[in-house]
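Below you'll find the structures, each written out as structure tokens.
The same chain A turns up in both complexes below, where it pairs with chain B and then with chain C.
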Partner chain A sequence: MDRNVIICRCQEVTYGEILDAIADGATTVDGVKKRTRAGMGLCQGKTCQRRVQQIIASQTGQKPEDVLPATYRVPVRPIRMGVIGGNKDE
Partner chain B sequence: MKNFETEVAIIGAGSAGLCAGIQAANAGAKVMIFDENHLPGGQLFKQIHKFFGSREHRAGIRGYEIGKQLLDEVEKSGADVHLNSVVYGIFDGNTLGVVEGDNHYSVKAKKIIIASGGKENYLPFKGSTLPGVMGAGAAQTMVNVNRVLPGKEVIMVGSGNVGLIVSYQLMQAGANVKAIVEAAPSIGGYGVHASKICRAGVPIKVRHTVLEAYGENEVEGAVVAELDENWNVVPGSEQNIACDTICLAVGLNPMSELAYIAGCEMTYIPLLGGHVPMHDENLETTVPGIYVAGDVTGVEEASTAMEEGNLAGISVARALGLINDEEGKEIADNFRNRMLNLRSGAFGEGRRIAKATQVEAFNEFQAKEGAK
Partner chain C sequence: MNKKDADVIVIGGGIIGTAITYQLSKRGKKVLLIEKNDLCSGTTGACDAYITPHTKAAGFSLDLCIKSQEVWKDLEEELDADLEYEHNCGGLQVCQNQTEFDLVSDNSEKLKAGGLEVHMLDIEEARKIEPALSEKLRGALYCPSAGQVNPFKTTFAYMKAAKRNGAEFKNHTAVTGIIRDGEKVVGVNTDKGDYYADAVVNAAGAWGGEIAKLAGYDFEILPRRGQLIVSEPVKPIIHTTMQTGNYMVIKHHPELITDERVKRLGIGYCIEQTDDGSIIIGFTREFVGFDKSTTLESIEGIIETAIQHIPELADIHFIRTFSGFRPYSPDNKPYLGPVDGAPGFYMAAGHEGDGIALSAITGVVLAEMIVDGNTSFDMDSFSPNRIFNK
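What follows is the complex of A and B.
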């Protein structure tokens, strides 16, 4: 695949940037995420995460089942902080 | 912030969630169902084709008609359906955080059923972020729910049932499907769907892939090329096909974030979409009181999702002591048998084996935990 192909659409992270992150020592989705922001956009990795998992598995030789998704945290959907904080206008 | 309590909380009002709600509420449980969309029914209202199988699985009825039947049954059952309601987290294994419109509240439930469904896989290629490249499911929503044609000249990537059915529905809505591109050596979906497409003159190009989408500000065409037996591009086989829309129908995967957050143990089953929650034969996960049903347990199809919903609904009713055990077991066995019927034949046998592996993984995990 061309290094310029975009894998994470939300943060516009390319295949090449993900390869570089793995070369830099990333062996997990979280490792790639922290180095590149892949999976940190509006969709929270719903689009790119599986691709990132596959790239990590093929580059590092890990079994696909061993490359786990990034750590999920609440909230799992984008919600306005004002709704939770009590003042929805802020 | 308000705090509510209920016996059964269900996340997702699609095929699985609605059936689960109907069963649990009919057994006498207090049921709340949450869905982030403004309409219930999940994928059912996009399905304008007739379903397959036997009469007990509502074969011959169009998907949206099944959706209407389920909504009718839900209303009669007394289950309380909350729309525009995002479940953003599960806390302490029994409490949901919900944002409904501008209201934020928590719901403490004795039993939780996660029926959050699946999401479409993405296929990256040069130009795949251009406007005009979209999931086939998104295109289907545009055409069948919102009555908007996403484009006039379409290339479909993937020849599974989703790719075939959505191609046909786009054609019915007035689009010209230029080609269906399939990387595998054979067509993925049912012959009956593929034949309809072929008779209409649409080429299904097996062992082909999209290399690139090109265009200034939106899709103006695609570079399609042939693949050899090792999935490498055959040099010189590239051809340009003018189009304004490229639909990706390259599978789905479970929407399992909430199951992860709740602490459900996962097992890896590629045929079902990757990492899926382990569950027992009653669809209860490794977190006591949390059940799963439908595509979140592994991607299958709507009929199986409905049966899993039925089973999960009956299972929570049994666990709550609302049905006497003998009667409850008989009903649950019946749903399990109906699922076995759906998971048979050339297209279903693999799924039957995969689902058995999932229950085995659960049993192995529990045995290991018990030994500790």
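What follows is the complex of A and C.
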């Protein structure tokens, strides 16, 4: 695959940057995320996490299902802050 | 005599451990950093990134932060990396009412006496700096020299620069014991084997108390949880770093708080916008052990205050919540330096909510202590040995 292919669209992280992160010591999806921001975008990794997992697997010789996925973070979907925090002016 | 794996072993791969590793390697020491998980897997990977002298207690803590800023200023060039460091984005401590304003004004006098430039602004003036602020607020303390930085980028940049100087990093390796030869500390046991060196540095952050126990010392370092919220990326609406006027009370004197929810959860409010447009909003200060969860009550409380300060947040979505553990010490000062009775053992832990800001100077002073045996300025107030005088 070309190093310039975008793997995480939300954060525009390329295949090459993910390879560099793995070379740098990342062995988990969180490890790649901390080094590249892949998975930190608007979709919170829903689109890119599986591909990142596969790339780590192929580079480190693990099975994709053995690569630790990202830590799950609340909320599941983006929420408008006014809904939670109650806009006192309304 | 045992084999030697390095001149110095550093325990913990957060911003503190990597800063020390870099500064030691720059002074010609062979360093081995040992990290239980991965770099940035502890508090450094779950925090805000303010470098704010005006949130430090006037006196030694403020002085240390100002010294740290001097190191920060040249760090991007020195490490040859983009750290998203903003030296003078400025900081506001925003007051909702007159009581908060009076309290913050009092503190501003102490900060001024300590040599820091700060101004008390009415809300009209504060809104000139930060137009998104609600006009219903009372005013703010303004510190022009406050800054911010990217802690991930800094930690990895320290690692890369240290590696260029010959330092070695062992991730996924947990320290399980401290090896002594008589009094002297000469190495560590880990789940992957034993390693030996002339000196061992405890930079394990909130876990620093556990590591010290392995050497037989009882440093009270407690995890103080902070919950944070991250928004979708939006256009720049926040330019400074901000926190509520009651910040110093929550941090240093939680016993004085009267509001029940604020007291129980240590809910305050702070906000910053990162280079990619995400807004990070905090915070809580809770003693709940190493429980990493986030709670609806706290998230609600944080967002509620945030919207009171910045009404347009109500229409912005949040996409993630997370929490981190501030390494709390009872006197609100980190333990920095050699430990009496254990030659070769150094503490560099307990930075509470200031570890990012103070990392730069922590790296320098620990390297000075280990290499030269003394520091370029007085560090007595931070000596770990203060626990023996209680």
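Going forward, the second predicted complex is superposed on the first by the 87 of 90 C-alpha atoms of A that agree within 3 Å, B and C clash if a C-alpha of one lies under 4 Å from a C-alpha of the other, contacts with A are read in each partner's own complex, and residues count from 1 in each chain.
We adopt the following convention: a contact is a pair of C-beta atoms (placed from the backbone, for glycine too) under 8 Å apart; a residue touches a chain by one contact, two chains touch by 3 or more.
None of these values were measured; they are calculated from a predicted model.
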Q) Taking chain A as the common reference for superposition, should the pair chain B and chain C be classed as clashing or as fitting? A) fit
Q) With the two structures laid over each other on chain A, which partner does A:7 touch: chain B (first), chain C (second), both, or neither? A) first
Q | Which of chain B and chain C A:37 touches, first, second, both or neither | A | second
Q: Considering only touches as defined above, state whether A:81 meets chain B (first), chain C (second), both or neither.
A: second
Q.
Per the contact definition in the header, classify A:68: touching chain B only (first), chain C only (second), both, or neither.
A. first
Q: Tell me which partner A:28 touches in the superposition: chain B (first), chain C (second), both or neither.
A: second
Q. Draw lines from the C-alpha centre of chain A to the C-alpha centres of chain B and chain C: what angle do they form, to the nearest 10°?
A. 140
Q: Check the superposed model and tell me the shortest C-alpha distance between chain B and chain C, rounded to whole Å.
A: 8
Q. Both chain B and chain C touch chain A; at which residues?
A. 73-75, 79, 84, 88
Q. How about chain A: which of its residues touch chain B in the complex?
A. 1-2, 4-7, 9, 12, 15, 46-48, 50-51, 53, 64-65, 68-69, 72-77, 79, 83-84, 88
Q) In the complex formed with chain C, which residues of chain A make contact? A) 11, 24-28, 30-31, 34-35, 37, 40-42, 44, 73-75, 78-82, 84-89
Q: Using the touch rule from the top, collect the residues of chain B that touch chain A in their complex.
A: 36, 86-89, 91, 97, 99, 102-104, 119, 121-122, 124-126, 128-129, 253, 255, 257-258, 260-261, 268, 270, 274-275
Q: Name, in rising order, each residue of chain C that touches chain A in their complex.
A: 38-41, 45, 152, 156, 159, 169, 171-172, 231-233, 276, 278, 294, 299-300, 302-308, 311, 313-322
